[in-house]
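Data block below; observations after.
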Amino acid sequence: MRDVLPGLLVALPLMGAALVPLLAALSRRTTRAAALGLHAAILAAALGLFGSAAADGPIRYAVGGWPGPWGIELWFDGLSTLIAVLVAGMACFASFAQTFGADRNGAAPASTPLREGLLRGALLLLVGGLLGIVATRDVFNLFVFLEISSLAAYTLVASGEGRGAVAAFRYLLAGTAAGSLYLFGVGFLYALTGTLNMDDLAARLPSVEADAALTVAVVLIAVGLSIKAALFPLHGWLPDTYVYTPTPAAGFIAAVMAKVSAYALLRLLGEVLAGTTAGAVVLEITLWLGILGVLVGGILAVAQRAVTRMLAWSSISAMGMILIGVGMGSALAITGALFHMAAHALAKGCLFFGAGGIRTSEDGDEPGRWAGLGSRAPWTLAALTVAALSMIGIPPTAGFFSKYYLLSASIEAGGPAGIAAFAAIILSSLLATVYFLRVLEAAWFRTPGDAPDVAGDPASRPPGPVLPRPLAVPVVGLAVLVLLTGIFARPFERHVLPDWESGTARISAPAP
Amino acid sequence: MAEGHLISIGLLAAMVVTAACALAVKDLLTAAALFGAFSFLTATWFALLGAVDVAFTEACVGGALTTILFVSTAFRTGRSFD
Amino acid sequence: MTTYAFAAALFTIGLAGMALLPNLLRKLLAMNVMQVAVIVFFVSLAFKDGATVPILGQGGAPVAAEFMNPLPHTLMLTAIVVSVSTTGLALGLLVRVRSRFETLNERRLLDRLR
Amino acid sequence: MTEIVSLRPLLAVGAGLAVVLPILLSGRRPALREAWTFAAGAVQLGAALSMLPAAFAGAAHTSPALPLLPGMPLQFRADPLGLLFLTLSSILWLATSSYSVGYLRSLGLRHQTGYFAAFAAAVAAAAGVALAANLVTFLICYEVLTLATWPLVVHKRTAGVLGSGRSYLAYTLIAGQLLLGAVVWAGALAPGAQFTPGGFLAGAASDGVLRVLFVLLLIGVGSKAAVFPLHGWLPAAMVAPTPVSALLHAVAVVKAGAFGVLRLTGWVFGPDLMHDLGLSLPLAVLAAGTILMASLRALGEDHFKRRLAYSTVSQLSYIVLGGAIGTPLALAGAAFHIAAHGFLKITLFFCAGSVYAATGREHISQLSGLARAMPFTFAAFAVGALGMAGMPLLPGFISKWNLALGALDDHQLWVVALLVVSGLLNLAYYLPILRIAVFEPGDDRRVREPSAWLVAPPVFAALAAIVLGVAPDAGARFWFLAESAARSVAAHAPQFLTGGLP
Amino acid sequence: MGASPPPRHEASRVRRLLGAAAFPALFTGLVLGMAELPEFGDPASPASTHVSPRFIEDAAAETGAANMVTAVLADYRGYDTLGETAVIFAAGLGCLVILAAAGGRPNLPAAGMSHPFGSVILDAATRILVPVVLLFAVYVLIHGHISPGGGFQGGVLFGSGLIMMRLVWGPAHEGGAHHPDVPVFGPSLRSSLMLACAGILGYAGIGLAAMAFGGEFLNYGTLPLGSDPAHVRELATLGIEAAVFLTVAGTVGVLFDTISIGMRENGVPIGSGRGPRE
């Protein structure tokens, strides 16, 4: 198991991406079955690695048989396998949702089998890229997989109609700038240490005496990854991207894309570069920017009049929250950040699948379009309600627990930053209350006629279900997971944290 | 070859100048051509530093492929930067 | 150092161009310049005084000091590929943007998106 | 106190939750749907009663701790105070359920399935609030309570009602978030944050921090208890159907808030610490202000239910007042007032609802002569009104009497004066209702008592109130529970062992 | 949709001002950091002494490649190269999704470079040049072991040869009604895609085959191709270079075809400036 799964985890999605478009020549059904099967297999591999890392300790895997620092190593501890499971699991839902018009917001399936195959291929590539980032122990390899995931994401963003291409282009500019900044920073690190392997870097960095150069390296890397993680004020690409991406891809991208970058930030700043003074300063700045991001994201979410755009701004707020945890760096804070990654990914994926589908079926994106949906589709709406409550942080959903951890960490941290983080998190919950209840109230307690922000005759809406089955199943499934994650939070914490702590302890100890 | 080697410095300076010009000119085809020149200068500099593989690739890609793609896009979208 | 500074200059020009130029195609050119700057930086890291091309000749056992560092070269081959791939995809996007909105000027595009 | 690890507390909390889904699924068959409700009510009451003997013997049923957050498990514990609240809410839930059946049917209201489901969830959450063994469990149940009552408040779904619902949620959810922050903080200061008689925060942090924490916690629980100036939502929430108002006031929301204040003063901070921090007097003054202000507002209010709502604001502040004073007798009086006010107020609301169901009238000035047409209803109303004012042999008297004695223990003479004044004010706003209904000539001779579903519950509640007033220690022994709760706090508050308790 | 946008021009003016200050700062910061890096050309720098010596001194013995760059690229860091291949495949796939695969047909009589140039001299020159270019591409691929070159460069050259044909003779297109004036030559869009897919599958397949024989992913040494590990690795390296070649050549074809030719969707050319309005 331990010597096969790592290779499969990274190889399967890339192979699948090439295989599925070829299968598209056969039939739609084959394509779908193959894609779903591949995603399930990837999830199984990720789960296997998670279990194995939890039971027998972290796994180090030398690709090509070349050990680090000469070859590229993969590293599976509780932290990386947790994120891998999250990515692979969300991908299963997204792949299921792709049966629903993978390339459009409309309710029709993709226009041709080939196109469906290509879009499924793009999703597999995206998954492969993200899993590569999660798994790798090599800073340059991280760049390569960052670019795979980015290119696949641009494709999916632009695969819709019209404005998606503009959004994708802006995302591409931001993403490429981010990648280049990161790579420049890696260049500095390489010049100073001569290595690209994370363990080797962490061991050699303490003996490097060039403080200014090291600072430049850390700043470049942090800025690059922060752009991808949509840390305020580098979040400009995010709202349009999330809004104009076709629904099945939006659910996936909004759920995990930025989080994997936040994970990389945590890995590099919190572990590899933790021993450097610049790393500590940059983490402190990250914390403060996270606080600002939480507030700005929340306030702008309240200001939005379209549901998906509101969700996008709420994502910026959530990324701020995660980066608060990353910035604090204590065990509690990291737990909170990880937990919030999981909680937010599940809930936001659910909401984007749902809101995107409703945008299509109700022919509009204002909260008023949701009027009366509670009685038309009670189960779907109940699921979306659970997700929304998790975003607000109402017990017993997962969002409550992640906020609890982050709040505890802020108290523990103390000082101005701790107090500010504490206040910001509470305030963001209040803002989330405001913007989510607007939607929920419309959905459950308004009738289609009396919604103030929707003009026109409600009878003119297209007939058909509120959410087609390919979207309804992920929505309900994710809502159930939101509840379960909250309730079974403690085991995760027990598996993930010790690895992280021993990892950082090992790293920050000077090399023999 | 030492740091201050004249050919190296000259090439680097020429790279900066062509890059700036490529970003500044009005006509898209001219810009693409200048970018091609920039890529070839870069490739030459790489070769000078002994990075023959990189030089070869940069010439293939930057000098040829990227420029061709830019030019063909120019035909599709109109020549002038509006 | 001088060489590094040229890489920094190219990088700055490229990034500034991406941020400030109004035309999307030009932004793309600037992006390419920025990527080349990183490549220049890495390749200059690989250089060793008195060393030669990293291809083994007929001689005996190779000595590290005699050959350029091949690792940054390898990395930059990958970086070049990434750069051209991004450019290709971006051009595809621009063709589509242009056909839909009939302009590649950022300001006009934003006006039309309103 | 002996701990008995058992699943009964979980059963009491889970009964209501477990039937939410069955109720939703049996929407097409009203009889089955209501049977679920009654079954859950019976189970909850049974569980509560089964835990009473242990409480009488000085033991407490405690559920196993379910790991939830580091050092903060999900745990329920049936201590005397919690058991008092739980027993009260189970009894009143059954009464309200049967009343709801009649009310909804006679008015033909829509969305009945969602109504009963939300009702069950709300009562389960209230039971959770009652039995919560630590702050986190309390918080979780508190938030669930908020959300479960929202659909009940906005049951009519008109724009105005939705607006009221929004202000209800604005108050309670914002307070909930502040409570979350405060709970996290308290958990960081005192690991576990387990409710302990006499408080657990003494010495955990500097005085300033503790004061800030107290204010946060007080806002958190006080907004549900409608303590001035956080009472704005309560009259607005009168847009809800009458059984909902009855539930909100007598059992669930407002009462849970008052219960929370009591937990806060007696079990989180403790009377000693409150005095040391100088928090007792301000809180008492706040409560006194709320009592007077709400009574005056009630005087000027013509809308029947809204007058009752202001009365609730005023009455529940007695509980806050008792918690603030903190002497054993005051605490016992406050705890007993939870039960006393529960029976009395639910009687009053049932009567108001019956009047509305029979005549469609909502204003006091329209009640002329109705007492003759609806004798049972108004007899029950008279019991409720007089009990509220503190007439001897009715339960309100017992709580107020002990409050007064407790205040005297602490040498707070003004509290006695306040109690007298507010009793007079009570009479001043309740008696006119009776006067109009009994002595003014009626204008409609066709009015009759509504169906038995609507008559039996208020009569039952009134009779129960009389029993409670005459023999406060009979049956479920509410007085004993209140007293032993107060005694447990006092045992840890040596400053206040000034006697008074037998 | 969305909030009322802020005044864009104001925003961009602010951004310009910020930019005017930020970019000199960026340059200064970079240069300050660079001042502390090891001197340019220093043979004792960490980069020259830490990891790379193994690649110089042992590569030939361990991997059988005289070109150290190829050794690192295809073997020591073969996983990077798989990623690189996936990147370029992603670009091709992306352009297909964005521009071509909307179920349309090739937009043959479109404007621009898709017109054959149609000059006799060009035609003759191309006839001679193209085979030479294609041959040279294959040479570059195979000779990558001992001289500059390899799968990627070869693939680009091969693709360039195809582009040359396209430029002069016009595009190929999928089955159905051929344009009467346009000769069909070179791979169609669909077969270009298949080439690209085949490359990825081949590369990852070799990696998985190594796993099947008990090694790590991409550990070619375990493949049963001979007794000398270096030789085995050399052969496998050739295999993956060929896979890269396929993907690159296919993708270059896809990129050029989609960007320069475009497709018709519902009878209207995509990307011709006359696209369907939404």
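Letters A, B, C, D and E mark the chains as written, and numbering starts fresh at 1 in each.
Criterion: contacts are C-beta pairs under 8 Å (C-beta built on N, C-alpha and C of every residue); 3 or more make two chains touch, one makes a residue touch a chain.
Just so we're clear, the structure is a prediction, and the values are computed from it rather than from any experiment.
Asks: Shortest hop count from chain D to chain E along touching chains?
Replies: The least step count works out to 2.
Asks: Which chains does chain C share as contact partners with chain E?
Replies: A, B
Asks: Of the chains shown, whose Cα mean is nearest the mean of all protein Cα atoms?
Replies: A
Asks: Need the most distant chain from chain C, centre defined as the mean of C-alpha atoms.
Replies: D
Asks: Compute the centre of every chain as the mean of its C-alpha atoms, then state which one is farthest from the centre of chain B.
Replies: Of all the other chains, the one whose centre lies farthest from chain B is D.
Asks: Can you check how far apart chain B and chain C are, centre to centre, with Cα atoms defining each centre and the answer in Å?
Replies: Chain centroid spacing, chain B to chain C, equals 10 Å.
Asks: Any idea how many Å lie between the Cα centroids of chain A and chain B?
Replies: The separation of the two C-alpha centroids amounts to 37 Å.
Asks: Using mean C-alpha positions as chain centres, tell me how far chain A is from chain C in Å, no decimals.
Replies: Centre separation, chain A to chain C: 28 Å.
Asks: In whole angstrom, what separates the CA-based centres of chain B and chain D?
Replies: Centres of chain B and chain D (C-alpha means) sit 78 Å apart.
Asks: So which bits of chain A are touching at least two other chains?
Replies: Within chain A, residues 140, 144, 147, 151, 154-155, 158, 162, 165, 184, 190-191 contact more than one other chain.
Asks: Two or more other chains in contact with one residue: find those residues in chain C.
Replies: Within chain C, residues 1-3, 9, 11, 15, 44-47, 49, 51, 54-55, 72-75, 77-78, 81-82, 84-86, 88-89, 91, 93-96, 98, 100 contact more than one other chain.
Asks: Residues of chain E that contact two or more other chains, please.
Replies: 30, 34-35, 37, 39-41, 45, 47-49, 51-52, 55, 67, 69, 77, 80, 83-84, 87, 90-91, 94, 98, 148, 152, 255, 259, 262, 271-273, 278
Asks: State which pairs of chains touch, listing all of them.
Replies: The list of touching pairs comes to A-C, A-D, A-E, B-C, B-E, C-E.
Asks: Which bits of chain A are touching chain D when the two form their complex?
Replies: 332, 389, 392-396, 400-401, 403-405, 407-408, 411-412, 422, 426, 429-430, 433, 437, 441, 444-447, 450, 487, 489-490, 493
Asks: Considering the complex alone, what residue numbers of chain C touch chain B?
Replies: Result: residues 1-3, 6, 9-10, 13-14, 17, 21, 23, 25-26, 29-30, 32-33, 36, 39-40, 43-44, 46-47, 49, 51-55, 68, 72-74, 76-77, 80-81, 83-84, 87-88, 91, 94-95, 98, 103-105, 108 of chain C touch chain B.
Asks: Considering the complex alone, what residue numbers of chain A touch chain C?
Replies: Answer in residue numbers: 140, 143-144, 147, 150-151, 154-155, 158, 162-163, 165-166, 168-169, 172-173, 176-177, 179-180, 183-184, 187, 190-191.
Asks: Under the stated contact criterion, what part of chain E meets chain A in this complex?
Replies: Against chain A, the touching part of chain E is residues 1-3, 29-30, 32-38, 45-52, 54-55, 75-80, 82-84, 86-87, 89-91, 93-94, 96-98, 101-103, 190, 193-194, 196-201, 204-205, 207-208, 211, 215-222, 278.
Asks: Which bits of chain A are touching chain E when the two form their complex?
Replies: 3-4, 6-8, 10-11, 14-15, 17-19, 21-22, 61-66, 69-72, 103, 111-112, 114-115, 118-119, 121-122, 125, 128-129, 132, 138, 140-141, 144-145, 147-148, 151-152, 154-155, 158-159, 161-162, 165, 184, 188, 190-196, 200, 204, 210-213, 215-217, 219, 239, 243, 300, 303-306, 309, 365
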